[in-house]
Amino acid sequence: MDAVLLTHPWSVWTIIVPLAAAVLAFLVPRRAPLAGIITALSVALFVAATAYRIFLAGPHTQMLGGWQAPLGITLRADGPALIMLLTSGLVGLTVSLYATGYFTAADRQQRYFWPLWLLLWAACNALFLSGDLFNLYVTLELVTLSSIALAALNGSPAALDGAMRYLLAGLLGSLSYLLGVALIYGAYGTVDLTLLGQTVRADGLSRAALALMTAGLLLKTALFPLHFWLPPAHASAPPPVSALLSGLVVKAPLLILFRLWFEVFPDTATAGMAHLLGILGCGAIIWGSLMALRQQRLKLLVAYSTVAQIGYFFLLFPLARGEAAATAWVGVFLLVLAHGCSKASMFLVCGTITRLAGHDRLAGLAGAGGTLGARLLVFALAAVTLVGMPPSSGFIAKWLLINAAIVAGQWWYLATIALGTLLASGYVLRVLSLAFTESQSPPLPVAPRILRWPPLALSVVAVLLGLAAFHPAVLTLAGAPVSGIILLEMVP
Amino acid sequence: MDPRDILSIVFLLAAAPFFLAGTIGLLRFPDVFCRLHALTKADNLGLGLIVIALALQADTWLQSARLLLIWLLVMLSGATVAHLIARTALRAGRKPWSGRS
Amino acid sequence: MTPGPLLLFDLLLPAVLLWLAWRSLTSSDLFRAVILFIAFNLLLALAWVRLEAPDVALAEAAIGAGVTGTLLLAALTRIESAAGRRLSRPARWRPAALVLTGTALLAAAAGLLWSLRLLPTMPGGLGPLVDRHLAESGVDHPVTAVLLNFRGYDTLLEVAVLLLAVIAIWCLDEAVPFLQQPLESPLLTGFNRMMLPILLLSAGYLLWLGSHAPGGAFQAASLLAAGLLLALFSGASLPAQWSGLPLRLLLVLGFLAFLAAAIIGPLTGRALLHYPPAWVKPLILLVEWLLTLSIALILTATVIGGRPTGSRPYPPPASPAAEGRQR
Amino acid sequence: MTELCLGLALFLLVTIVLGLIRIRRGPSDADRMLSAQLFGTTGVAILLLLGQATDRTFWWDVALVFALLSAVTAIAFVSRNEPSETAQQQRDDHGS
Amino acid sequence: MSVPLIYTAAGIFLFLLGTYGLVAYAHLLRKILAANIMGSGVFMAFIAVAGRTPGAPDPVPHAMVLTGIVVTVAFTSVALALAVRIARTSSRVHLSGRDEEQ
């Protein structure tokens, strides 16, 4: 039993099963939700098996088609990929469950939601596992195109507009990335990440290629000031889609960035370039949070909160240079997991609230006691992780980042994290306070169970992950390009 | 020099004026119908001469046949397209040029 | 080395390409822009030939001349019928923004060109490695071997992207016929009658060619798609009972076959896409043929631009090309 | 022979450049479509000549594909103008 | 100046030209054309950069560019369908918030 568990390429099935299910969902729309649920459960199972294998036997690779790199493509199941797969499994399972209740059978949207979402899921998992620059381009395109289609799903003018912005930004980003790949292939004759990591020279050409690829990926991750396309696309999509876009999709280009900077070009990237990204990250944290504070609609508030949270991920670039590398690395990956769960949960709650109240204007939600108030409490529970209150996983993640900033002696990042946390509590409290104002509105019907439980479960998981953070933390470092001790105590 | 080569060279040199005529006609002729006329010259004769020249050089019959097929296809498409475009232009109310512009 | 006229050609062609691209972006009339873009694609195929990339040239010729042009013209017609024909000018920018963007782009150009001098003079490339393993790949043409075997995973996902495009387009809209009435012209009917078999034969030829020379599934599929489009223009249509599940099945057939072939590996203790050595050739052939059929339908569906509803007269046509291939 | 083929190919490329003027001038869409059609034919000729000059006849397959598809875009163009003739009238007035 | 280098440079210029067009023009169809031109530039640079190997050309970049072309066609078709849909639902040919610029 263990022999099979420890040798079978479980991770491959997290790609194949959703691909096949997407085709089935397209062929037989009536059975699509069933296919979706079965896929969700099996992907969760395969992710667990992958985690088990990595935990016991360490990271492993698979040469697709039996061809060794550089001729073939290599799939790599390592720590960073695993954290991403965990995020994808958790968010995907929850959103799939929620979607069975959110889209009804008579709905035109249901017909297309399932094939599109299952393709997106396969693409995300494929991207997380890919160890090949060009294959990353193809998977990234698959991710982007399915996200665009999902963002346009409800066909409202705002959604179409947001999808178009997303598409154009996505095209610009991926072509810029591809030009970088072209330069790399021209210089080194391979696109395999591991081989490139061994051969890349730190010269002007590598820097040019890195700059092109980074620029393209920044646009796709929507890092401030290239975030213009994100809030319209995320806020006007149907809520399950928003949950996927914010919880899962923005992390896809992010992982490529991490792989590029720390595995392929560790010496090419200068400290200046790293700090530039760090400063843009700070800009994102502050600007996104301020914008979130000003929003009048709940979904836009959450979307701008995503813009802000993306900023935290970019603190890795400056902080992971030096002795605090492992600490920052673990912190950021934990944050990815935490943010994925909490943000998806928040968007799902938004969906339930919109379904109940008929709108998501904050002013109109004032005095939302009763059933809406309960939803807002779930929102608050998810926000515990987002803001980073103990004992949530968000807290551990930020704690690690703060430690890394202190060790690296980069106080301004510390200050930004603190400020960002403050602003985040601000916009979360603004929403929460609605629940405690006098109720004037007539009582609303109770939402169906399937629209209530999944977000609650996900936010509880996000909080509880903080208690079990040690295990994900160790797994994150399996096969990671950084090493060292994780500094859990404040070491100035 | 092989007489085939000489023939090929003659045909190639003869092809050039037809393409030039096609282009000049496209530029100088007064309306779309006349220009269509110019276009078909390049299609049929210019390309035809080139095809003959190259077919003379080809090693196998198969290659010559392939060249001829290409020519036939271009002529077929050219004729159909010319007809359809002329029809569109006529239906759009364009009068063929009658000598007074 | 390079003969004189050839070097002149190589200098003139990129210059013309850049100029065409520039005019296509700046001309105020959109129809003109589209025509210029079609011309651009045409000359681009010549550039591929000059760069000794015949497979890419074939694809560019097939896609650029057939599918993209039709796609753009159809979209332009629909946009204009919805929003009217308008001139399009660049956004009026503040001078500061213009200067900033211009400087940034020029700096990027300078930086990139300058970095090119660092390219190794004798690049490695994977050519020799591909040649060494060509015998095991099941095909004799290196590009096809890379596409369907060495990097078959990329191709699998690429077909998923195509399929996704159709789903996305169907999700956006139902099919809007861009012809209110089919073109009625005896000449066109005759032309089609001759052209459709020739296109079908040529597609078969390119597909057959792909196993040992430039050619292959995608190029063949583009030709088939062109045939389907021609049939569509002269009023052919798919019977209503075919526009539901049967059409969807045909669209996904190639992808499903590829996926099934891919998972033979993991089910038998090998890697994904690792075919059993004895089956490599027939498996790749089967996948390629089914892919050709599905991609042709997918490309046609993207031009039609919406979900066929069955009641309208212009869902994807059942032309002789498609039927011949199904049997 | 090789030189002549190359020279002729270059010459044909120059005629394409000249033909671009018609696309610019119009006046009607049909004129522009016509120029594109001529480019197709010229492109076929260039491909044939280049294939001959460099002794790689697989480029003739590219020419074959061009020849096969040269009508498709033009027919799409014609069909685009088919539905309502009044609209076409307005469009031409606008275009010229 | 070698021939591949000429085409590499042309590819880079096409890429930047397309970038300019994508940013500067409001009309959606124009933006899509610009993105296609960008793509062509990238593909050209890719083939040219990798085409400097002596002897037979390297097939791997050719296969990659073929994949890239297909992906770009897929994106183009979805983008056009979106543009048509936007034109039909709101009679606009550009993104919101830029009406004054046309």
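First chain written, first letter: the chains are A, B, C, D and E, and each begins at residue 1.
Here is the rule we use: a residue touches a chain if its C-beta (ideal position, glycine included) is under 8 Å from a C-beta of that chain, and two chains touch if they have at least 3 such contacts.
Predicted model, so just to flag it, every value in this text is computed and none were measured.
Contact with chain A and chain D alike is made by C. Greatest centre-to-centre distance from chain C is found for A, with centres as Cα means. The leading chain pair by number of C-beta pairs in contact is C-E. Taking the mean Cα position of each chain as its centre, A sits at the greatest distance from chain D. Chain A and chain B have Cα centroids separated by 58 Å. Chain centres here are Cα averages; for chain A and chain C they lie 32 Å apart. Work out the mean CA point of chain B and of chain C, and you get 28 Å between them.
Centroids built from CA atoms put chain D at 11 Å from chain B. Across the assembly, chain C contributes 50, 74, 76, 112, 116, 119, 123-126, 130, 150-151, 154, 158, 161, 164-165, 168, 172, 183, 188, 191, 195, 198 as residues in contact with two or more other chains. In chain D, the positions touching at least two other chains are 33, 35, 40, 64, 68, 70-71, 75, 77-78, 82. In chain E, the residues touching two or more other chains are 12, 18-19, 28, 49-50, 52, 58, 60, 64, 67, 71, 74-75, 78, 82-83, 85.
All chain pairs that count as touching, in label order, are A-C, A-E, B-C, B-D, C-D, C-E. By the touch criterion stated above, chain C contacts chain D in their complex at residues 3, 5-6, 8-9, 12-13, 16, 19-20, 23, 27, 29, 31-32, 35-36, 38-39, 42-43, 45-46, 49-50, 54, 57-58, 61-62, 65-66, 69-70, 73-74, 76-77, 80-81, 85, 178-181, 183, 188, 191, 195, 198-199, 202, 206, 209, 213-215, 219, 223, 226, 229-230, 233. In the complex of the two chains, the chain A residues touching chain C come out as 8-9, 12-13, 16, 19-20, 23, 26-28, 62-67, 70-73, 75, 111-112, 115-116, 119, 122-123, 126, 134-135, 138-139, 141-142, 145-146, 148-149, 152-153, 155, 183, 186-190, 203-205, 207-208, 211-212.
Touching chain E in their complex are the following residues of chain C: 2, 7, 10-11, 14, 17-18, 21-22, 24-25, 30, 33-34, 37, 40-41, 44, 47-48, 50-53, 55-56, 59-60, 63, 67-68, 71-72, 74-76, 78-79, 82-84, 86-93, 101, 105, 108-109, 112-113, 116, 119, 122-127, 130-131, 142-143, 145-147, 150-151, 154-155, 158, 161-162, 164-165, 168-169, 172-173, 176, 218, 299, 302-303, 305-306. Chain C makes touch with chain B in their complex at residues 183, 185, 187-188, 191, 194-195, 198. Of all residues in chain A, those touching chain E in their complex are 134, 137-138, 141, 145, 148-149, 152, 155, 157-158, 160-161, 163-165, 167-168, 171-172, 175, 178-179, 181-183, 185-186, 189.
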